[in-house]
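Chain lettering (A, B, C, D, E and F) follows the sequence in which the chains are written, and residue indices restart at 1 in each chain.
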Amino acid sequence: MAIRKLAFIVDKLPHKTETSRLALTHAIASQTVEIYLEDGDNVEPFLVFIGDGVLNCVKDQKAIDIYGVTSLGMHIQNALLVGLNVYVCKEDLEKFGLTEDSIIMDAAHLGGELKTQIIPYTEIEKRVEACDHLLFF
Amino acid sequence: MRLGVFVSYFRFNTDTYDRLRAEKLGVIFVQNGVYHATVKENGKTSPLLEKSADFYALKEDLETNGFKSSDVDSRVKVVTFNDLVDVMFNDYEKLVWL
Amino acid sequence: MGKLTIGSFTSLIGSMSLDFAVKLAESAVNKGYKVDFWVSGNATMLGKKNQSKFRDYSYLAKTVQDLIATGNFRFCICEVCAKARGIHKEDAMEGVLIHSMDWYLASCFDADRVLHIGGE
Amino acid sequence: MGKLTIGSFTSLIGSMSLDFAVKLAESAVNKGYKVDFWVSGNATMLGKKNQSKFRDYSYLAKTVQDLIATGNFRFCICEVCAKARGIHKEDAMEGVLIHSMDWYLASCFDADRVLHIGGE
Amino acid sequence: MAIRKLAFIVDKLPHKTETSRLALTHAIASQTVEIYLEDGDNVEPFLVFIGDGVLNCVKDQKAIDIYGVTSLGMHIQNALLVGLNVYVCKEDLEKFGLTEDSIIMDAAHLGGELKTQIIPYTEIEKRVEACDHLLFF
Amino acid sequence: MRLGVFVSYFRFNTDTYDRLRAEKLGVIFVQNGVYHATVKENGKTSPLLEKSADFYALKEDLETNGFKSSDVDSRVKVVTFNDLVDVMFNDYEKLVWL
């Protein structure tokens, strides 16, 4: 019986390349990982947006309307909806002049209860320190 | 020469960009290049906007990344894909993608 | 009306440069221009048949086929780049041309504008 | 001996990250480690059958097949990433596993080391 | 009867990605372009290495031995061999502390006569100005 | 934690790199990352080498790009793929690829 914590860290921009998107889709795939594991074993991914990566969280991305592809914003809402912790670096948001109002903070309209957590970089470090494996996207 | 320069990255080695010269120079921000037209870092606008050039940002890519025309720096003209075709054929003869 | 030649290397889906290029081509064709579209490197993946449409992945195959049908759009994949990736003649979508890199240079010869999308 | 899980997104040929990853996997298997190799995104191209070998293009298919034959190397491609690119079950090389992304997370579960090659 | 000059400009590094390589292979493909053109018409590509791109020209690249793939150096020799002009920016070489001795200057061992031309950026600008189309790799 | 960091780019946004901290930190230059270990720009070595860390550069990737072990900065240890596997399993517990 073990839980492995996996940190999914996004420090790159959305949409031009597929990396941020793959961070989200892989993290969300944890929903079905138990079919491969023994009873009681599981993985616990969490998402961290730092540096340029915080720009993935900006509201009102129209990727689906324009390019016919799920936006990073929609993926972040899905992650919150399935109960993944989403951490956004406070200092990096501030660096870009962004606030709680400019980014996706919840998936309430889909019935989600979990909220995006804006925390200082030192708090992110603690969570990263406590995880078993680090995946940078 | 009349040179139109596409910028699709936010982070890139700008040595080539800084050097480019032309009688008439246009800079077209597309894909993640649109961040140059919209975000400030520590209160500062992108150094790319300091070049002497006409600036454009693609409306569709602004919106894809969650920005509106009102978020765009006043030095930058917002154009659609449709407008862009005219810009390419009417205003510039050579085009480069950095 | 003039002719635009677009060349692109960047991969299908993994990069959205190809999405940009296809939308630009579409706008140009709609305005009455002729467009030649050359793909080499990873961009040759766009010539593969049987691409599936999912919401989480961009899907350009349909637009490319519609553009080919207009008669004002030629889409050509680099033969050797495609083969190296396991994409042979029988793997290509209908209407897709397959040539060596010289085809692209010949297209540049009489193009009014060339947009070469390099990068990574 | 421990287990190394490698995950990679980067494209075949267009990026040499996959060449790096395959060589690293080879060295680890030769030293007696077990290696799981997960490819999603454009890296799924590495699972395509009938890749051709040319001097101007890197060719990893043979090494991957030799590694699979050792029994200490599992190579798995992301099902939906592959389908989006037109790579279906019948297009895959022999010995290649095809699963959803959860396979990768399960592999990370009991891995001693994970090297996730993100980037562009 | 017309000649179209095409500038192939490489300002990125070798080997990690395929871009520099594709600049070379596309430029060399000009050898067979006449099959598509009318008598007397032709294209005339030339290669320009600027910025980080000058590092493509460093001698003794072992890509073929290690990764089984043609090195950028071998491609540059092929370009010289088929008679393409290869220009390397003088200032950028100097910036990296490189000299004529550190880079590929000819394909003499293959019987080539043409040499790499190290010229100042202002000279590169003139050649670029005089070309019909610009292709940045 | 003991953290091994792979650097495969020469030009990249180093914000994340600059921030990374660990009790034991290793930086492994691979692919185009090897230029950090070999080239000087305007006489200066790469700022990445100023971090407090153990540095490694992959021999195979040095040679691919035309460099020899003698071209490598004295702060950097040259390792083969074979060595690298040992470094990964013996010296670091978590690995990241920037």
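The rule is short, and it goes like this: a contact is a pair of C-beta atoms (placed from the backbone, for glycine too) under 8 Å apart; a residue touches a chain by one contact, two chains touch by 3 or more.
Worth saying up front: this structure is predicted, and the values here are computed from it rather than measured.
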item: Fewest touching-chain hops separating subunit B from subunit C; value: 1
item: Farthest-lying chain, centroid of Cα atoms versus that of subunit D; value: B
item: Chain whose average C-alpha position is farthest from subunit C's own; value: F
item: Homomeric contact subunit C-subunit D: same or different residue positions, threshold half; value: same
item: Geometric centre distance via CA averages, subunit C-subunit A, whole Å; value: 33
item: Separation of mean Cα positions, subunit F and subunit C [Å, integer]; value: 38
item: For subunit A paired with subunit F, centre-to-centre distance based on mean C-alpha positions, whole Å; value: 28
item: Contacts with two or more other chains, residues of subunit E listed in rising order; value: 15-18, 25, 52, 67, 133-136
item: Multi-partner residues of subunit D (at least 2 other chains); value: 9, 13-17, 23, 41-42, 56-57, 59, 114, 116, 118-120
item: Interface hub residues of subunit B, defined as touching at least two other chains; value: 8-9, 11, 13, 31, 60, 95-98
item: Contact graph of the chains (line, ring, star, complete, other); value: other
item: Inter-chain touch pairs (all); value: A-B, A-C, A-D, A-F, B-C, B-E, B-F, C-D, C-E, D-E, D-F, E-F
item: Residues on subunit F engaged by subunit E in the complex (per definition of touch); value: 8-11, 31-32, 35, 39-43, 60, 63-68
item: Residues of subunit F defined as touching subunit B within the complex; value: 11-13
item: Complex contacts: residues of subunit C adjacent to subunit B; value: 2, 4, 16-17, 20, 23-24, 26-28, 30-31, 33, 112-119
item: Complex contacts: residues of subunit A adjacent to subunit F; value: 9, 11, 50-52, 121, 125, 129, 133-136
item: Touching residues on subunit A, where the partner in the complex is subunit C; value: 15-18, 21, 25, 64, 67-70, 75
